[in-house]
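Letters A, B, C, D and E mark the chains as written, and numbering starts fresh at 1 in each.
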């Protein structure tokens, strides 16, 4: 479904991504793990169009989308839960969710998806009139996910969804990710919580200082001694 | 540490004396005529204004649009005192009184208004300076719109230099002290600064007061050198002009303010040959500089020996290439 | 340098071409340049062309000082025309005194421009000469006291006014000076000023003030200020139903006044001026025609004064024995019966013109009467 | 002796009571955890303790050198002076300043030289500044940042920024240190390193520490006692073992399979 | 009493003009947090375009106003594109200085072409020149038109921002540009649209003010520009009703000081009240003072 081919990204003189290539197959959960500053977020931002690569190409369903705008990519079915949640702080929870469906015109479909989001995250229903900026960290994370789902994405990018969540919720979020995936959404997941991510991922990539250094199935990698030592705290 | 400090002092002192001497010499031999002297005076006054506003806006992060108000206080107080007592001590007393009055007003205004943030503070300070201007416009002793005329001219190059170099040195010293760092931390993150034990209100007011004091000094320099004051010299536009120097030079860079003050004066002088298009070109230059250097000429860096070395290497590279080609 | 070209005479122009009062500066310079063109076309001064060195002081006195320094020390001009406003002109004078170059203005009206005053009075030395005279400063316009007092006298005597309201421009020295002089003379003549209201240049809405004075009793309104605001005040006053006579000074003299206020509103409006278009003086008629042909609009007071200013200085130049600043100064000081479009005058001991003053009355926007008065 | 004693602390935002009737007591030298679901009010408790918010009700007493002082409602900088320091859940460093300056600023309250010295760089200035730098470098050594003293804070990798926050908090010379999710965004290896650092600091600075964290591997390993907050109320407190076994806590927060690494 | 009512009308019509200009400031501020100093000069250009339409092409008020609005829309969008867009990621104060530069450029550029002198708008005739007496209070048709236009525009803008898709996009962009892009919002065109809207308003205001006071000049934007900017802050900058309330408040204070106080100190009183209100309500009359959550 999504193919990233040899992309390079620079921030001024910093060479943040070096010839990064990865593939996300239709209907799969793919995870990208790696230390702080490895370039995971940058990879996602480039894939969603917020950052232009200096070279390389990005393909969605075989079509080259490297030159398209983020808006166009949203239309094509890409959605992202950004790092740090980035909820619209002075807007209400409901308005945030509605913005998630910004490009959609089907009122009924939107209403249905809204109900689904509320079902998945009941706390959001309770707080629907509260300004998003005053939610707790975890609540904001749920809102960001709900918002991303409101566009009915074909492929969902998640940037550290478990960061700052309570253990119970971490479990829950990973369950939800699985459910979302099972209902037909392809997922590209960036995580610090490598053990959990590897548990649910079909395929995984490991990143270090701007390059992909390892890849394999989730199960394979969670057995790898190298990975255990570096990322699983084992 | 102590040794290093002494060395820095010595270096600064030497370069200052050299700068003073060169200009003084050029004046003596007549290379620098009255016109160039007047331009130098404008530059000096603008430096003092910009450096003092930079302390408030660039370093402490408090957006002020009222610097002209403080300048006017210094100018009028000094002007009135010097007219009444046209001697050098009278002038010096006037300068001190002007600066102190400006500082007191800065303190009184700053105390309640510095709770405001960003643009709201800008508006409050703008309002304050407008009030000051209107008061001067309607006072008897200032002669209102007709202006205060015939202020004896005591400021010459020597005084200009002393005031300007003094202001810059004192403010730079302050910024390199713990008190100065406290001010800077407010710009960086007010909440974190408070959590780290910085009394943010106190330091905001302090920086505002110090800034006002030196704006008052600049006003006194202006009054004495240009010997004529009227309230609308110190309008909103004047505050904006000072802000332009600060931003153009780089917020949080003293050397930036100094360079920008000189640069703008040079641009202004060049543009004197195009009276009709002067302001049109000036505004275009301003916009273009901002588009290409939004962080200002210096960003928040200072000119230091290290930077010179870097430039030197750059130049060497350029000229080196030149030689190769030849 | 001055000797760069023996066939040229450089005259500095130091005017407000940008900034708050750019309109006065630009208007003056239009008149000045027209006069210089005429003189050059007619062969210049003794075969030498006048070369204007134009500069913009941004309406700032300090800039005026700096530019005066530049024009005198760098461009070596023989004299400087301008600035237009008293403040900037005063700021220029010390430079003139130091460099011994005459500076002449067409519109700086404050009383103390050319002499120092003590309590508003001229002081004399023992030998009878004026104390504190600015030797190198001249002007060709009225002083505020002259115009203000003349109008006060006119109001009290010709209009039999007892009570007046003053609406003054506090942002200009002109408005302030006129108001003060009108007030003192009007009181001397037994009148009373029942209210003194204020505005600043650039204001457009005067309804608040007008509604307030509408509830008062008064005979005339005096508006010491320029036509830009006065036009609007008159319009809004008439719209509010205030029909009392409205008085002003030469700042009213502009065709734009009629356009701003509307001809209907301009009844019972009187202002002091240098000349009246009813005069039918051929010189005035020709000036108006030429000016309109050149700039596509009728001249106002600033244009006319600028024109006369250049003519006045050239008159001085033509009487110089040697072409230098010192003899020009002496020539200017001894001017007798110079004839310009703004009247004929001689220069007095205070370096002011001795001009007669006319009060122009408007009816439906047209000049309807003109009365010569003396202050 | 109780160093920090919180009684009936309450905070409402409009209709929402984010913290209600919280009682806590920290003994000298204790390392206590504060855990609870997202939105339970943990950060709000920190904000109340440090004066960012004013409590709706309740008292906070901080004891320094044997003298107790009620600090609720005081300004943050005064609370800091009284001996309470913190880190932030969302890192709030002085980004455009150097690592050294970040720490130096936090030492400001102990600087003695006055304005005259500041303006004129009198000998008092030189002497104290030199000492200041030394003290800062010592702190930076502890968090392994001494090699980066001249770097801008914003150029540090995330994990080091967290460390710098801790160093900065220590520089204020606190008796109680509040850490808000110090391990957030760190991978397990980095977390392990941090765990050691916190224990080391506590021991060597004789500090009392209150710590918010969702990473149970860290909490269960180093906290002696734990308070559990839910919907603004303390629902349980006790040793890690007790908490791990607590039904209410499992239901509200931990979930069934806690991996206590 | 009669006099007081008259002053009320005076204050309302002056306030309407401030409000009309303040709305444009607030729109732009709302989205990119920029005090767009050039706004009051776009207003001046609008007045000149209207002037040209009426005097040289003899068009009526409405067509002239529409043309002026169209011209200002283009101008506003061009300014945004050329001068502000390259500074998207710069500090706010840098953009502010750029705005000041653009403002000066428009002022002196215009002055270069039309000179500094004041020009008189053609005066209105027919029903628009009428005025009524209501219980001894004088109201002119133009005053009614200005007040009506201001209120209608305010309601319209409020509707656009709060109720429409593009309005929602505007608010999202103002809060977080990256996140807005991820929602599928075209940030550039949203900002461009905001400038277009604000500038169109400025154009309308320019023509209306030209007709109402019938006096225009290249620096005519300066004074009302500052006042309107103050008005926007007074009401709570970024809030559309705030601009309205602020505009009326300032118009009213000025008129009342003229009418019952000392006109010498009019502006000083306005600013003094402004400062006092800000001290009590640091985010303006209608602004909510939210403390950042940490």
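As a convention for this text, a contact is a pair of C-beta atoms (placed from the backbone, for glycine too) under 8 Å apart; a residue touches a chain by one contact, two chains touch by 3 or more.
Just so it is clear, the structure is predicted and the values come from calculations on it, not from any experiment.
Between subunit A and subunit C, the least number of touching-chain steps is 2. When every chain is reduced to the mean of its CA atoms, the largest separation from subunit B belongs to A.
Annotation: B-E is the more contact-rich of the chain pairs A-D and B-E, by number of C-beta pairs in contact. A straight line joining the Cα centres of subunit A and subunit B is 50 Å long.
For this pair, subunit B with subunit D, the centres built from the Cα atoms lie 41 Å apart.
Mean C-alpha position of subunit B lies 37 Å from that of subunit C.
With each centre defined as the average position of its C-alpha atoms, the distance from subunit C to subunit D rounds to 73 Å. Listed for subunit E are residues 108, 111, 264, 267, 294, each touching two or more other chains. The residues of subunit A that reach two or more other chains are 134, listed in rising order.
With touch defined as above, residues shared between interfaces to two or more other chains in subunit B number as follows: 138, 191, 276, 279. Subunit B makes touch with subunit E in their complex at residues 57, 63, 112-113, 115-117, 119-120, 122-124, 126-128, 130-131, 134-135, 138, 191, 236, 240, 243-244, 247-248, 251, 276-277, 279-280, 282-284, 286-287, 290-291, 294-296.
Here subunit B touches subunit D in the complex through residues 1-2, 5, 9, 170, 173-174, 176-182, 184-185, 188-189, 191-200, 252, 300, going by the rule given at the top. Of all residues in subunit E, those touching subunit B in their complex are 29, 35, 83, 86-87, 90-91, 93-98, 100-105, 107-109, 111-112, 226, 229-230, 233, 237, 264-265, 267-268, 271-272, 274-275, 278-279, 282-284, 292, 294. Interface residues of subunit D facing subunit B in the complex, by the touch rule stated above, are 50-52, 75-78, 80-81, 85-86, 88, 92-97, 101, 104-109, 111, 113, 115, 117-121, 123, 125-130, 132-133, 168-169, 171-172.
By the touch criterion given at the top, residues 33-35, 37-39, 42, 137-138, 144-147, 149-150, 153, 222, 226-228, 230, 232-233, 235, 272, 275-276, 278-279 of subunit B touch subunit C in their complex.
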